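What follows is subunit A paired twice: with subunit B in the first complex and subunit C in the second.
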Partner chain A sequence: MEMVKDALLTLVRESGFALLTWQEGVMLLVSFLLLFLAIVKKFEPLLLVPIAFGIMLANLPGAGLMDDPAGIMTELAEGATRAHWYENGVLRLIYAGVKSSIFPCLIFLGIGAMTDFGPLLANPISLLLGAAAQLGVYVAFLLARTFGFTVYEAASIGIIGGADGPTAIFLTGKLAPDLLAPIAVAAYSYMALIPLIQPPIMKALTTEKERKVEMKQLRKVSKAEKIIFPVVVAVLCAFLIPSCASLIGMLMFGNLLKECGVTDRLSDVAQNALTNIVTIMLGLTVGATANGAIFLQLKTILIIVLGLTAFSFSTAGGVLLGKLLYLVTGGKINPLIGAAGVSAVPMAARVAQVEGRKYNPTNFLLMHAMGPNVAGVIGSAVAAGFLLSMFG
Partner chain B sequence: MFENMFNVELLMDSLPFMGKGMLGIFIVTTVIVTVVNALNSMPDKKDKN
Partner chain C sequence: MDIKFQIPAADDFLTAALGITVVMATLALIAVFILLISKIIRIIEGKAKKAEADTKPAPAPAGVPMPSGMNNGEVDLIGVDEKTAAVIMAIVSQQSEIPLNRLSFKSIKLIDDGKKGGEA
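Showing the complex of A and B:
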């Protein structure tokens, strides 16, 4: 009887229940909430499910999935013996793909293979809307600095305003890896909430007359233009801002695979299998960085608030430039499409379409909004490159 | 960290970064717009025929 009691006591003492800290407990609840939002409410489920599950796995007491006894990415405790790399936790090993920027770059390859730059080529001015919609990146950067964040942290928080998950992960992984989890969660959560965040700002900044503007049909873009565009943009961006070459280079390579017409198999793999595999590993390991002790700080709440500010100012930046273009072109551009300049493809373009139709049911803004929308992907990568060149 | 909250000095120090950043994005974008416009003006073979 005594032996059974001892065995039970040992089991309880060494079980996760005894080892659980309050921070791990809270993080487990956060992961359940995120799983609920992703599965039941359909909030960016393809990313939020792996992120939430990663948070859960990393906060299971004693499981050690993110342990780094080899000291590859974390400082070893004084006097600790350095283990072999393969003794690291399995999620820590996979996390090397985030730390080295391999995953965000591969996701950009997939995005490039899925993107049609036709609307942008047909209306090049929409590129400027994608640039203006990076305003929130720098407003959030300024505010974060005012709140006492370091320049590295502030730049990483600011990039949430780019509304581009892989770019946010790419920059944060390089500048402020400790903030990776809250920034990724904020970026993807706000992207899912774009239909709620953007419309009030779009309405507040535009008049009814502007919202009703019908834009003329886009011209047809030739195959040659679509093939030359990714090559030229990759070279130009790499020359102008070398630090954004990895993101823009992969984005444009993916697009070339799609457009050149002789690499259909590669394009198919980049769009589907590769992107899906990398999304699983990226989401899971980004979630796994949400260690309770680091995540549950006042900083995280501030990051969430600043992220919302960044999104709002980016939307405002795009709409305000849209208004300027409306004036300059004599009313030919509907300012609502400026809001699509935050990347979040194609959700932001759909929001512009829906809002436009509310005021003019015959209006069809989707293709016009896709121009600034894909321009936003380039804009956010350029913004990240700039921040990296200033602070990297 | 939060003893520095609402630090106006930090805000002023960071303003030039904002200016540089936004200007940089617009310069790169303008270059791309120029190139795209040049691509647009490329003669289309089908039109010639």
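Showing the complex of A and C:
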């Protein structure tokens, strides 16, 4: 009888109900909320579902899915015995793919294989719009410093303005891994909210005349140009900023697979199977870094606010350069396409198209906006490379 | 974390200014390379096309092109509605890589076995 009583007491003591801390409870609620947003409201569901579920799994009391008794990525408590690597929690083991940048780089490979740089090649001035739309990265960096964040944290927060999830994860994983979860959640949430965030800024910064501008049809880009482009960009960027070589290199490799015409099978795998597999593991483990004790702090709210600021300034940067180009070219460029310079592909380009048509129903800006949009992917990777070379 | 407001150091401003400059310069350089490469490729492809054209018999005079999007003259539609005819003309233009304003369709007619035919 005594033995049964002891066994029951042990079960109760070791159950999740007894071990649950208030932080874990709140994080579980946060994960449920994110699941709701992803499934019901369709907020970037392909990423937010794994992230939210990762948050949930990592905060199950006593489950230890993110434990690191081997002390591979975290400091061991004084006097603690170092365990074997395989005794780590399963999500901690998979998280090595984030920590080592393997996952973000593989995602970039997939993005490259999915991206058509044709509109960019047809109108290379789009690259400037993609560069100007990185303005928010540096504004948010300065604001984060104003709020007392370290340079590493500020750089990681700033990169949210690049509107590129894998780049944000890549940089944060290297500079401020503790902030990985809030930054990833902020980045992907704002990407989903682009149709709400961008239009008021686009409207505020442009005149009706500018918004009505019809752009002439893009020229046809030859296959040779499309094949040479990834090789040139990979070499050029790696020569200029070696720290962005891993991201840009993989992006351009993926694009070469797509464009060269002799690696269709590889391109297909990169676009579909590989990207999907890595997305699952990346999302799940990024979510799993959302430790209640770290996540539930005032700085998480600040990160969310600063992320929104970064997005807004990036949009403004692109639109303002668009206005400048409108003036320089004598009204041939519609400044709305500048907003697509934030690299959320193709959402930002779609927003430019929708906004353009509101003021001129015969206008078709989508392909023109795709140029700055894909330029933004390169721009955010270069921005991340620069920050990494400064603080990495 | 204790939230404390502080004016960013001069180094921070310098980093931000340098950062946006580096991004602009890098992407501008890529733009220059793209322009150069596309120019070179177009020159090479132009020469190749010219060489190809020299070996072929000279085509009939093309005449003055019509404004973009317009077609030369009337088209006789026999057993084909206008919508289908428009689609056929667009396909011929795309496949032959000749703009519609340089193509002249005389007639498009439905042939006996159910397929549509025409002469350009």
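As a working rule, the second predicted complex is superposed on the first by the 383 of 392 C-alpha atoms of A that agree within 3 Å, B and C clash if a C-alpha of one lies under 4 Å from a C-alpha of the other, contacts with A are read in each partner's own complex, and residues count from 1 in each chain.
Please note the rule applied: contacts are C-beta pairs under 8 Å (C-beta built on N, C-alpha and C of every residue); 3 or more make two chains touch, one makes a residue touch a chain.
No experiment lies behind these values; they were computed from the predicted model shown.
Once chain A of one complex is fitted onto chain A of the other, the partner contacts of A:Asp116 are absent, as it touches neither subunit B nor subunit C. With both structures placed on the common chain, the touch criterion links A:Ser222 to subunit B and to subunit C. Of the two partner chains placed by superposition, A:Glu214 touches none, neither subunit B nor subunit C.
Overlaid on A, the two complexes show subunit B and subunit C touching the same residues of subunit A, namely 120-121, 124-125, 127-128, 130-131, 134-135, 137-139, 141-142, 145-149, 151, 154, 222, 224-225, 228-229, 232-233, 236-237, 240-241, 298-299, 375, 378-379, 382-383, 386-387, 390. By the touch criterion given at the top, residues 120-121, 124-125, 127-128, 130-131, 134-135, 137-139, 141-142, 145-149, 151, 154, 222, 224-225, 228-229, 232-233, 236-237, 240-241, 298-299, 375, 378-379, 382-383, 386-387, 390 of subunit A touch subunit B in their complex. Subunit C contributes residues 1-9, 12-13, 15-20, 22-24, 26-35, 37-38, 41-42, 45 to its touches with subunit A in the complex.
The part of subunit A that touches subunit C in the complex is made up of residues 120-121, 124-125, 127-128, 130-132, 134-135, 137-139, 141-142, 145-149, 151, 154, 221-222, 224-225, 228-229, 232-233, 236-237, 240-241, 297-299, 302, 375, 378-379, 382-383, 386-387, 390.
By the touch criterion stated above, subunit B contacts subunit A in their complex at residues 1-8, 10-11, 13-15, 17-18, 20-22, 24-33, 35-37, 39-40, 42, 44.
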